[in-house]
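I've put the structures underneath this note.
There are two complexes below, and they share chain A, which is joined by chain B in the first and by chain C in the second.
Right after this comes the complex of A and B.
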C-alpha cells in the first residue's frame, strides 16, 4: 500500500495535475505519524509515509488548503471520506480545488494497543496481510492485525469510500458495527454510577483542546471556548463544573454533524472516551428522528436543522429505564 | 441523596415572552399560588435558549431548570419551538447520560391563556425537585450565592 500511495502522490505532482499533496510523514517516532503538505515529487519520495499508524483524518485541513492557489491532492481513508462529505455539505471545502484519492483500509493500529500486548521498545512494524511483524529492541514477533487495532477501528461503521476521484484498493461496504454497545452499557447504569463514570473520566482532562482542534466538525472560525469572557477558555480546568461544561457544549455543538470518526478520542492525551458523548447523540437522533449518518450522503437533511410536527417530547428520554 | 426537610429548591424557569411569560403574569393576576423560589427568566422565544444558559443556571445553584414555550404550532416566530424541542430533548438526554437526573430538567408548553397550567406546572416541578434534593452535580461552589 505504502508504495502505491507514494507513487500516486509523486505522479500527481509530476504530471502537474496537482500543486500540493496532503499526506502523512513520520514524526519523531515511526508511530507518531503527522499530517504534512508536500510540494514536489522528490519530497514525497523522501518523506511521505503510509503505514498502519496513519490514523489522522486529513479532511479538516482541506478547509484551509482548498482556499489556496492550485489544486491539492488528498489521501482519505473510508472514515475520513465521511468527514469530507460532511464538510462539503456545510460549504467549508472548495471541491473543485481538491483531488481526492480514496485509500481502502484494514483498520489502523495504535501504539498503545501494542504496548498493552506487552510489546515495549517497538522499532518497526511491517504489514503482512492480516498480520503485523513487530520488531522491538528485544524481539521480533508476529501478531494479528486485529490485536493491534486502534480502539475506534474495532467498531468501524463503514469501509465505503465516498466522493473520491480515484481509489487505491477496492470500494468497501457498510459494516455491521456494534458501536453503540458501550453507550448502552452506560445507559444501563444508575444516574449515580453514570455521574461517577464521567466524573472519573472528565476530571483527567487537562484542557489541551486537542479534541476540539482535531475534530472535523468543530471548525468554527471563532470558537466560544476562545472567548476570554466565557470563563471556560482556561487551559487548566478550574473546577469540575467547567470540565463538564466544556465537554457538554463541545459535544452539543457538533451534534448531528459528528460523523463518528473517533478522532477526538484518538488524540486525547488523557485517554478520555470522548466519542461516547456524540455516539449518545447519534443513537438518540436515530431513535427519535430516524436513522441518519452525518456525511453519509449529500442529500439527507441533518436532524438538528429540521423538525416534524409530531417530534417526540423531551419526556421520551429513558436512557435504559423502560418507558417510565 | 438526603432529603432535607427544610430544603427549598431554587428553580429557574426560562419563559418565552409571547406565551409562558404572559401565562405566568396571568397566574399572578388570578392570584394563583406557585412557589416563590421559581426564578423566571424571560427569553424572546423558546428557541433562544442556549444550552450554555441551562448549564450556567445549574452552576449558579439552580436545583432544577424548566423551559416553557408556546404550544407546538403556536410559536410567535412560527417554528422556533420545534427546533427548541429537538435541541432540549437531545441536551436533556445527554445530561441524564452524564448523571444529571432527567427529572431536574423539563420542557412544558404553556400558552398566555394558561395561567392555571403555569401555576400547576411550577408546583409539580418544585415538588419533584424537593424530592430529588439539592443539585450537587453541576454546581460550582465558588459562585453559590447564599
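Right after this comes the complex of A and C.
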C-alpha cells in the first residue's frame, strides 16, 4: 500500500495535476508520524510514508491549504473522509482546489498498543497480511495486526470512502460497530460514580489544547478560549471546575458536527478518553432525532440545525437523574 | 462612568402589597453606577413619567432601570418617556417585578429580595446597553387573504373598499366556502345563497380584488409589510379566460359516477364540473382523478363540445410569487370525521347524516331538490332524531373535542323548526346536554322551536342507534324525566363538532403563526387583540381562530380588514433595532445561522481580510439584513464560533444579568 500511495503522490506532482501533496512523514521516530505538505516528487519519494501509524486525519489541514494557490492532493482514510464531507458542508474547504485520493484502511496501529504487549525499543514494523513483523532493539516478533490496533479502530464504524476523486484499494462498507458500548456503561453508572470517573479523567488535563487543535470540528477562525474579549480566555485551568467545563463546552461546541473520528483521544498526551463525551452526544442525538452521521452525506439535515414539529422536548426534568 | 437612575413602581397595591418597594429602591441605590433611585405609586401615569424625565435631566442619567410590570405591558410607553427627555430609548431596561415577582409570591420578605435581585440584573444589563437607532422598512400596499369563505370574502371586500389591492387564495375551484352549502341561516331564516352570492359576485367584480381559485399557498417569506408569497395554482385543465361557464361540457362528460363534494357525496357529478350554479369564478374544472382523457388519453368529449376552445389537457400547475404587506388567514373549519362515533351508526346506515348533509337534503339545489327524503329509500321520513354535541364537549378529548362547537345548538333548532314547518306530520326530537343560545334573538329563536313548532327537546344523550328493519332504533336517556327512551326513527341527524381546516397547520408553520392544541390560530391577546396573530402582519378572520357563527365571522372579518387597512396606509414601518449582528472576524461562514433563521435574513458574501504577512484572505462570512431580522436570537445560539450577537441582548449583557443574579 505504501508504495502505491507514494507513487500516486509523486505522479500527481510530476504530471502537474497538483502543486502540493498533503500526506504523512516520519517524525523523530518512525512510528511518530506527522502530517506534511510536499511540493515536489523527489521530496515525496524521500520522505512520504503510509504505514500503520498514519492515524492522523488530514482533512482539517485542507481548510488552510485549499485557500492557497494551486490544487492540493490529499490522502484520506475512510474515517477522514467523513470529516472531509462535514467540513465541506460547513463551507470550510474549497472542494475544487482539492484532489482527494481515498486510501482503504485496515485499522491504524498505536505505539501504545505495542508497548502494552511488552514490546520496547521498537525500531521497525512491517506489514504482512494480517500480521505485523515488529523489530525491536532486543528481538524480532510477529504479532497479529488486531493486537496492535489503536483502540478507536476496534470500533470502526465505516470503511466507506466518501467524496473521493480516486481510490487506492477497494471501496468499503459501513461496519457493525459497538462504539456506544462504553457510553452505555457510563450511562449505567450512578451520577456519583460517573462524576468520579470523569473527575478522575479530566483532572489529568494539562490544557495543552492538543484535542482542540487536532479536532476537525474545532476550526473556528478565532477560538473562544483564545479571544481576550470572550471573558473566558485562558491558557491553564485554574480550578477543577474549569478542567471539567473546558471539555464539556468543547463537546457541546462540536455536537452535531463531530464525526467521531477519535483524533481527540489519539492526541491526548494524558490519555483522557475524550471521544466518550462526543459519543454520548452522538448517541443522544440519534435517540432523540433519529440516526444521523455527521459528514455521512451531503444532504442529511443536521439535527441541531433542523426544526420539525415532532422534535421531542428532551428535558433533564423528565429524563434526568435516574429517571426521576 | 455610567449614571443610572432606578425607578421602582408600586403599581398601586399590585406590587407594593407584596414587595417592600421602598427597601428595593434604597437597596438598589447602593449598586455601582446608580446615582438616583426612587419609588412611586404609578410610574406609567403622567406624573410618574414626568418624574422619570425630570430625574434624567437633573441627574444627567445615562441609563434608566424601571422596576415595574412586564415589558410587554409598558416597555413602549417608557421608551417614549426617556426619548422625550433626550435619552436613547434603548438605554432603558425594565425589571419585571409584577408578573414575575409580586403576583406569584405571598411572602413579602422573599418577594422583596427577589425584586432586588431582578433590579440588580437590569442594572448590570443597562451598564452594557448601547444606543440603538431603529431603521425603517417600506410597506407593500397589497394584502393576501388565504381562504375564500364568507370570512375571506368580507375581509377582502373591506380592504378593497379602502382602496388597497387584495388577493384571495382559495383551494377549491370556487370561492364561497361552507356558507354555500348551508340552506337557511339562523335566526332570521333567510336563504344563505341569497345573501352570500351577491358578495361573491361583488368580490369577483371589484377591480381591487384578484381571486386566485383552485390554489394553495406554498411558501411564505419575509416579514410584516414585506411578505413574499409563492402560490401554487393547480391545473384545472380549463383556460379560465376562455371558459364561459356555459356548462355544456359538464352535461356531455361520459364519466357520471364522481361523488359530488358540494353535496357531500349524496349525489354524483361529472369528471368535468362547475361546483354549483353560482360558482365564482364560473369556470369548469376537470377532476384529474376521474377524467378518462387525463388518465388514459381516451375520450376528449369536453374538448369537442367546448365552443370556446377552453379545454387544455396539457395545462400545468402554475407558481405565482407576489409581494404583500399583510396576510389574513381565513382558512375556516371542517366538521370532524365521525369514525370514532360508531354508536350512532353513521357508517352503517345512510339515514344517519351529519347536520351539514342535512342542509344539502333540505336545499333546493341539493340532491333531492329541496324535498326531505331518506337517502336509503327516498321515502319521506316521519320521525327525526337530532343528536347534539357529537364530538363536542368530550371529556379528555380522546374521542372528540373538549371545546363547544358553538354553532350546533342554533342550527339544530333551525333544522328542527324547518322540518316541522315544511312537514307538520313529522315528530322531531332533539337530544342535548345544554342548549346554549347567547346571541341577538337567539334564545327567542330556540324557544319558538319548542313552543310554536312543538319540537321535543330532551335533555340527555343518545346511547346507541341500531339500524333494524328499515328503521333506526334509538336508545336514549331522558335525564329530566329520569327514564330510558326507545324511539323508532326514520332519520338521525348528528351535530358533528367542527375543527380547523386540515391545511391550517402547515400554513401556520409557513407563517410562523402560533396555534393552540386544537389547531385553532392563537390571537395576539384573547381580549384586546382578538384579530391579530402574535406574528406581526398576520391577521385572523373567521372560524380558523375558533368556532363562530356567520354574524360573528363577518364581524371578525371586518375587524381584521380594519387592522390590515391600518397597516397598509402606512408608508413605512419602524424596524426593531434589536437585530442580529455577525462579527466578521470570527465568522467561519459555516451556514449554521442561515439554516436556523426562520426569516431568511442571513446571506453570505465572500470578503477580503488581511491575512498574516501582508497577504489577503478571502473568506465567506455571514451578513444579516436588519430589515428582515426579527431579533429572535436563534442564530446567536446556533453559531458555533460565537460570531453572532443580538443587539440589545448581547451575550455579554445576558451573562452580566446572570452574574448579577448569582452574585
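Definition applied: the second predicted complex is superposed on the first by the 306 of 324 C-alpha atoms of A that agree within 3 Å, B and C clash if a C-alpha of one lies under 4 Å from a C-alpha of the other, contacts with A are read in each partner's own complex, and residues count from 1 in each chain.
One rule holds for everything that comes next: contacts are C-beta pairs under 8 Å (C-beta built on N, C-alpha and C of every residue); 3 or more make two chains touch, one makes a residue touch a chain.
Everything numeric in this text was worked out from a predicted model, so none of it was measured.
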| item | value |
| --- | --- |
| Fit-or-clash call for chain B and chain C when the two complexes are aligned on chain A | clash |
| Contacts of A:151 with chain B and chain C, given as first, second, both or neither | neither |
| Which of chain B and chain C A:219 touches, first, second, both or neither | second |
| Residues of chain A touched, compared between chain B and chain C (which is higher) | B |
| Which superposed partner A:92 touches (first chain B, second chain C, both, neither) | second |
| Which superposed partner A:248 touches (first chain B, second chain C, both, neither) | first |
| Contacts of A:302 with chain B and chain C, given as first, second, both or neither | second |
| Touched partner set for A:172, first chain B, second chain C, both or neither | neither |
| First, second, both or neither for A:35, with chain B first and chain C second | neither |
| Superposition clash, chain C against chain B - the stretch among 76-84, 94-102, 184-192 or 526-534 that is involved | 94-102 |
| Chain B and chain C footprints on chain A, overlapping residues | 224, 304, 307, 309 |
| Interface residues, chain B side, partner chain A - complex | 51-52, 55, 59, 72-73, 79, 82-83, 85-102, 105-107, 137-142 |
| Touch list for chain C against partner chain A, complex | 509, 585-592, 595-596, 604, 617-620, 638, 640-643, 652, 655 |
| Complex interface listing, chain A residues touching chain C | 67, 89-92, 219-222, 224, 227, 230-231, 253-254, 257, 301-302, 304-307, 309 |
| For the chain A and chain B complex, residues of the former touching the latter | 183, 186-187, 191-199, 224, 239-242, 244-245, 248-249, 251-252, 255, 277, 280-281, 284-285, 288-289, 303-304, 307-309, 311-314, 316-317, 319 |
